[in-house]
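Both complexes shown next keep subunit A, but they swap its partner, so subunit B is in the first and subunit C is in the second.
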Partner chain A sequence: MNSINRYKILGLAGLVIAVQLLTQFTGTAFYLTQLTMSAYYGLVIIGLGVLMGYAGQLSIGHAGFFAIGGYLSAALTTHNLLSYKDSLCIRLLERADMLVLSEDIYGDALLTVVPWGACLMAVGTAALIALLLAVPVLKLKGHYLAMATLGFGTIIYRILLATPYFGEADGISDVPPFQLLPALGGLPPVVVSGSFDNRVVNYYVAWGILIVGMLLLLNLINSRVGRALRSLHSSEEAAEAVGINTSRCKVQVFVLSAVYAALAGVFLAHYNAGIGPSEAGVMKSVRYVALVAVGGMTNLWGTLLMGVSLTFLSLRGVFGSLDDAVFGVILIGVMLFAPEGILSLRRFLVPAKDAALKRDEP
Partner chain B sequence: MLKIRNLDAGYGKLRVLKNISLHVKAGEIVTMIGANGAGKTTLLHTIIGLVRASAGAIEFQQKEHTGSCAQKIVAAGCTLVPEGRQVFASMTVEENLILGGYMLQRREGKDAVLRELQYQYDLFPVLRERREQYAGTLSGGEQQMLAMGRSLMSRPRLVMMDEPSTGLAPLIVREIFKIITRLRDEGNTVLLVEQNATAALGIADRGYVLEVGKVILQGPAADLLANSDVQRAYLGREKIG
Partner chain C sequence: MTPDLFFQYLFAGVTYGAIYAIVAIGFNIIYNTTGIINFAQGEFVMLGGMIAISLHQVMPLPLAITLAVALTMVIGAAIEIIFIRWLQSPSVLRLIIITIGVSILLREAALHIWGESIRSLPYFYGNEISSISLGSVHLSPQVLWVIAACGIMVAGLSLFFKYTPTGREMRACSANRTAAILCGISTRNMVTLSFMLSAGIGAVAGCVMSPITYTQYDSGTGLAIKGFTVAILGGLGNSMAAVAAGILLGIIEAFSVSVVPLAFQDAIAITILLAILFVKPHGLFGSSVAARLKDF
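Coming up: the complex of A and B.
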């Protein structure tokens, strides 16, 4: 990790705290809800940013991974497993201390998976599916890769819409809170849920996860493996010639970005106490791709900033019913006028000579 | 060092290389000349494992390497400077070189890579001047030097070069070939594939002539230079009288 990135991370952490204090004092704490959600979507976007910008592999199916994470975690923590009590699976889960017995709203016994267990299973499943998908699909390039991942996203969307277990068009609601940390030394437990009392804690949890996720990716990019990734979209032949296993490298980064998306899905499902099929829609995947492009393909910080702020505006309903249209226009505008991302426009603010001396982030 | 026996390779049903045999001894420059489409690049790709051989054997450092993947053969000490340079354009010169030490870093750690980096900067001083620049902004000659430096970063035993003279001004070509000679004099082994037959045979110890996938001539470079068939076909000289 170089010092510039260290300062940027500290700056981001400072900004996060400042925003929270600002909302506290101005009595606008309701903004925190959308800021929390934006941070989780930010996690999807930076994961996709590494895949697209650095490794040069396009995916128009990332909403699929988000949905796999969110839906599995929601279903496992919500649906009653009591009737399967004697099956081997359930007994194994019980042995692993991953089940919880409670009561549903009618007072009947309800046996479900504990959220952390469901989270592990959901993210693990998403990683496995990503692996199985990546091995054949990443042999494709350009348009063909785009079409294959688009197809994957569509399949996931259709499966969710048609499966009663996943609630068909209604999705899954009443997803229980996700307790991250138990009550310690007089402090209340840290719980991921949408309840009013937890708003500030959840805001910090979400941004904490996003910052840690960002740190990991920044370290990855500047490591030996990261350099290998970045070499992929210049020349695979040359990359092979210096000894990089290009196909394994591509599969690894694809799985990593799927894990980021799935993790975001899990947390958002618990935060919103539910998830619906629109989260898996193709337009969502397209939006993630657009946000990476708007931020700048090989600029992870730009991706983070633009991704989070545009998502926030969209969640606040600033674009109204024109939401998708606005994202379309932004994408076209960026492609035409600032193909290196919105932040590259700052060169018009800095005198040309300085800009030439200053090198952008790789 | 490198021994190839009765090698066949191609793409799908297309057989590009037919029954190729050749060898490279430690410390020599061996050149492979031939026209477009003769199979020169395919041969190098087969040796390094990007194209699979359908018959025959590749032996490197007394070890069988037929059908090995590129990682294995690179790890064993054989690298390729690809045709058209193929530097990593969106990375800096220094990052390109460090990436060339990808295998070295895994084997001996980061310090070894940094030491090797200084050595490459001494060999190619212009790269030191340009270390912070994106590789895509270099001139053709500088890119060729970068591609060579990148390959040398892994301290290979055998460097294979695919048409290093492509698209370069004659003056730069002379400089590149001077560097190749120097590499040999410092104890490296080079397999040089070229269309520029005069220049390649001028610095090589031995040579092979490849035509539509077959070796049609081989011998000491000086003999090939003097050979009338080679002169007519590749050097553009017609013996008069």
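Coming up: the complex of A and C.
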């Protein structure tokens, strides 16, 4: 991690705290809800950003991974397992201390997986599916790759829409809160849920996860793997010639970005106490791709900034019924006039600094 | 499964397959001259259907369809001129994202113009309940219109590309753009023409299928995914193969209904196609040697 990124991370953390204090003092704490959700979507977008910008692989199926994470976690923590009590699977889970017995609203016994266990299982499943998918899919190039990932997203969407276990068109509701940390000393427990008392805590949890995720990706980019990825992006043949296992690199990044998406899905499902099939739709995947493109493919900070801010505006309903149209216009505008991302336009604002930098280069 | 049922499924499959094939041919025409996939292709189909439905309220059906196709062609050309023509050697990824953006805009525009209601053109011949009997199999006359439209377009296009000067110029453009420019062919005009042509073909598809499948502002997305799948399965750029692949997909879909619930139909079809793609990465009829020479 170089020092510029360290300052940027610290700056981001400072900004997160400042925004929270600002909403506290101005009595606009209701903004925190959408800011929390934006942070989770931000996690999907930076994961996809590394895949698209650094590994050079387009994926129009990331909403699928998001949905796998969210839906599995929601289903496992919501559906009653009592009737399968004696099966081997459930007994193994019980031995691993991953089941919780509670009462539903009618007072009947309800046996479900604890959120921690469900989270691990959901993210693990997403990672496994990503791995199985990546091996054949990443052999494809260009349009064929776009088609294959689009197809994957469509399959997940259709399966969710057609399976009673996943609630068909209704999705899954009444997802229980996710207790991240138990009550320690005088501190209250850290719980991911949509209740108003937890709003501030949830805001920090979401942004904390996003910042940690960002740190990990920045480290990855500046590591040996990251340099290998960038060489792969510019010329795959050259990268192979110097001994980089290009296909393994691509698969690793694909799985990593799927894990980011699934993790975001898990947390958002618990935060919203539910998840619906629209989260898995093709338009969601397209929107993630759009946000990465708007931020600038090889600019992770730009991706984060544009991804979170545009998602926030969209969630606040600023664009009203024109929401999708606004995204379309932004997408086209950026690709026509600033294909390097919106942040690349700042060179028109500060030409002097840019010119000075150019002079310093040999 | 009784033989009657078998043929009934088969004809349903061929009908949908023909529709997918027409959409796929639209993809192929633009791909052949520009090397890009136009993700707004499904929206051309939707626009063709919607415009024809609106025009049909004030004029007879043949005139409404002709005018709708012409208007969609103008829209196709306008899209190319506004969004693509003036770009200096854009990357393929950039073009893909631009066409995705265009498809969102067209869909949203349709939503605001026509609303969310589901519409359809009247049957070209007869009505919903009229049927033609082939032995013990019953067909709607509209099915014949769909299949005929597909056949005529494929034949017409192959004649156009083979024998007319303009068709040859378009093929030259796709074979070697630099050489085409040196021969005095205006490659930019050819690209505009290819957008017009594929918009027109999409609009025809939108009109002939509207009585059977109905038209809604977002009916283009699903069709684009299917058409794209078919174009890839046949091998990008190959229109004849697209017809075979389209009918194959249609038949797979039709018969999958007899095995799994209808809701899984799309998932099954796409799974099978992905499996084929993994085994034959350049499509059923595509040449891997030729594909290796292309960038995308």
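Points to keep in mind about this one:
Convention: the second predicted complex is superposed on the first by the 352 of 362 C-alpha atoms of A that agree within 3 Å, B and C clash if a C-alpha of one lies under 4 Å from a C-alpha of the other, contacts with A are read in each partner's own complex, and residues count from 1 in each chain.
Assume a contact is a pair of C-beta atoms (placed from the backbone, for glycine too) under 8 Å apart; a residue touches a chain by one contact, two chains touch by 3 or more.
The structure displayed is predicted, hence computed values, not measured ones.
By the document's definition of touching, of the two partners only subunit B reaches A:A238; subunit C does not. When the two complexes are overlaid on their common chain A, residue A:F327 makes contact with subunit C while staying clear of subunit B. Within the superposed three-chain model, A:F337 lies out of touch with both subunit B and subunit C [touch as defined at top]. In the superposition on chain A, contact is made by A:T298 with subunit B only, not with subunit C. Taking subunit A as the reference chain, the count of touched residues is higher for C when subunit B and subunit C are set side by side.
Of the two partner chains placed around the shared chain by superposition, neither subunit B nor subunit C is touched by A:F30. In the superposed model, A:F348 makes contact with neither subunit B nor subunit C.
Look at A:Y7: by the touch rule set out above, it reaches neither subunit B nor subunit C.
Shared contact residues on subunit A (touching subunit B in one structure, subunit C in the other): none found.
Listed in rising order, the residues of subunit B touching subunit A in the complex are 48-50, 69-71, 74-75, 79-82, 86-92, 95, 98-100, 102-103, 105-106, 132, 147, 150-151, 153-154.
The residues of subunit C lying in touch with subunit A in their complex are 31, 37, 83, 87, 90-94, 96-98, 100-105, 107-109, 221, 225, 228-229, 232, 236, 261, 263-264, 266-267, 270-271, 273-274, 277-278, 281-282, 295-296. Considering their complex, residues 224, 227-228, 230-231, 233-235, 237-245, 298, 359, 362 of subunit A touch subunit B. Taken together, the subunit A residues at the contact with subunit C in this complex read 58, 136-137, 139-144, 146-148, 150-152, 154-155, 158-159, 161-162, 282-283, 286, 289-290, 293, 322, 324-325, 327-329, 331-332, 335-336, 339.
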